Amino acid sequence: MSAGRSSSRPTSKGKGSRRPKPSPFEELVGQVLAFRDRRDWRQFHSPKDLAISISLEAAELLECFQWKNPDEVAALVTDPERHREVSWEMGDVLILLISLADILGTDLVKAAFEKLQENERKYPVERARGSARKYREL
Amino acid sequence: MSAGRSSSRPTSKGKGSRRPKPSPFEELVGQVLAFRDRRDWRQFHSPKDLAISISLEAAELLECFQWKNPDEVAALVTDPERHREVSWEMGDVLILLISLADILGTDLVKAAFEKLQENERKYPVERARGSARKYREL
Amino acid sequence: MSAGRSSSRPTSKGKGSRRPKPSPFEELVGQVLAFRDRRDWRQFHSPKDLAISISLEAAELLECFQWKNPDEVAALVTDPERHREVSWEMGDVLILLISLADILGTDLVKAAFEKLQENERKYPVERARGSARKYREL
Amino acid sequence: MSAGRSSSRPTSKGKGSRRPKPSPFEELVGQVLAFRDRRDWRQFHSPKDLAISISLEAAELLECFQWKNPDEVAALVTDPERHREVSWEMGDVLILLISLADILGTDLVKAAFEKLQENERKYPVERARGSARKYREL
């Protein structure tokens, strides 16, 4: 039902306990879903269309770096306007990830923790250290 | 320096106060960067290559839905193994977003908040309600 | 009905004339569609799913270059096995383009000619020469 | 050196033979490379940047179908302006494939023939018929 909440929603601890302030990420999740629901957009949020949209936003993020050599990429980072543009494209990807997680009933942060653990297995430190090879080639 | 940290709760400054427990998202950021640094992978993390990788992981996520009709998508969601597969692909995208945010000095959660605000402007509730049109066509 | 056919050389109409041998590209179009039809796959070829698949194959092509610096890319080109791998990924994109063109009734080669003409307009030689800028920034 | 040429450039057959008229695809290859060279753009055409660009153009093609249900996709195909838009996006992908093939010394049409042959092996008619499953699941 809700993205990124079960890993973060603290349980009350009996009488007198106060609900802790939500973390910024939890607030973001809430605002993303409220944004969607105020526009009645849940009806369009099929998992497949959301996955398409994540892919398209990732392409817009990549477009910021198209045809750019390392010097131009470095310049992009120090220019405040371009830095903001890149950051907002990243924000778009995150907003859509949160939307898909909600539809699928996925705890996004928990899924990333699990994947990181899986990556620990696939890329053992002693073999992966300093190498950009894929795990199949390690 | 750090992704998604500046938006986190400020540490209390009073005598005897303790630093609040990091939120799950903050913990994730810390673990993603530690994973990278234990492998000495920061050297490979150029912004352009990270943006490429985000795009490739988004494609792997989309691949879960390739050739699937709505019934098959629904079945995918209720099958625990497939659900986990999709969730982990989403986790991969988030892990790479966090990695890019760190390299660029972007506060990822803050960027998403800002983009959401921009989207509020581009998609006013009264005009966007119940419509899947792009803002240029609203 | 058929991709890339209407742009092909017209058949001579004179007495005794023979139909000219199809070009390699025309033969490819014929084989791609025959491959599909022998497997009864046209039923799966919705335009949207084909567009998704083109995007996924383009990602597999891009994956060949992920994390690679210019020296490694150059080495990739001179290694026969890797060169073939990249070439086949390009072949996959072309096969799917031909499949989508057939479903949409698009003459693929003609569409590329038209787009090239449009690009001539967007990127006038005198201004675009030696510049990697997008047309909006020219 | 040249894209799509070796499979199509006919060898002269001795005295008196005439060079046959190039096929539309061969003409397209020639025009795409001439377009590039008139703008002195070969310098920007690293294989990695071209692969990025193919991926981005594939995303623009996919964007034509974003949020669209089957009825809306069908309407898109019958609307001449939208049909042209989709066709031109396909043309863009083909133009960039031709550009990458030239830089890599790949015969694009031949590569697609080879990949089709490989697909014949991976998807035998008797098992693949009427099934949208991936070859690993056949």
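Details
By written order: A, B, C and D. Residues from 1 in each chain.
Going forward, a residue touches a chain if its C-beta (ideal position, glycine included) is under 8 Å from a C-beta of that chain, and two chains touch if they have at least 3 such contacts.
Everything numeric in this text was worked out from a predicted model, so none of it was measured.
The interface at C-D recurs elsewhere; of A-B, A-C or B-C, the pair that shares more than half of its residue-numbered contact pairs is A-B. More C-beta pairs touch across one of B-D and A-D than the other; that pair is A-D. As a whole-number value, the distance joining the C-alpha centres of subunit A and subunit B reads 1 Å.
Rounded to a whole number, the gap between the C-alpha centres of subunit A and subunit D is 33 angstrom. Listed for subunit D are residues 44, 52, 55, 59, 62, 65, 67, 132, each touching two or more other chains. Touching subunit C in their complex are the following residues of subunit D: 4, 7-8, 21, 23-26, 28, 31-32, 35, 38-41, 43-44, 46-48, 51-52, 54-55, 57-59, 61-62, 64-65, 68, 70, 73, 76-77, 83-84, 86-88, 90-95, 97-98, 100-101, 104-116, 118-120, 123, 125, 128-130, 132.
In the complex of the two chains, the subunit C residues touching subunit A come out as 52, 55, 67, 132.
Subunit B makes touch with subunit C in their complex at residues 44, 49, 52-53, 55-56, 59-60, 62-63, 65-67.
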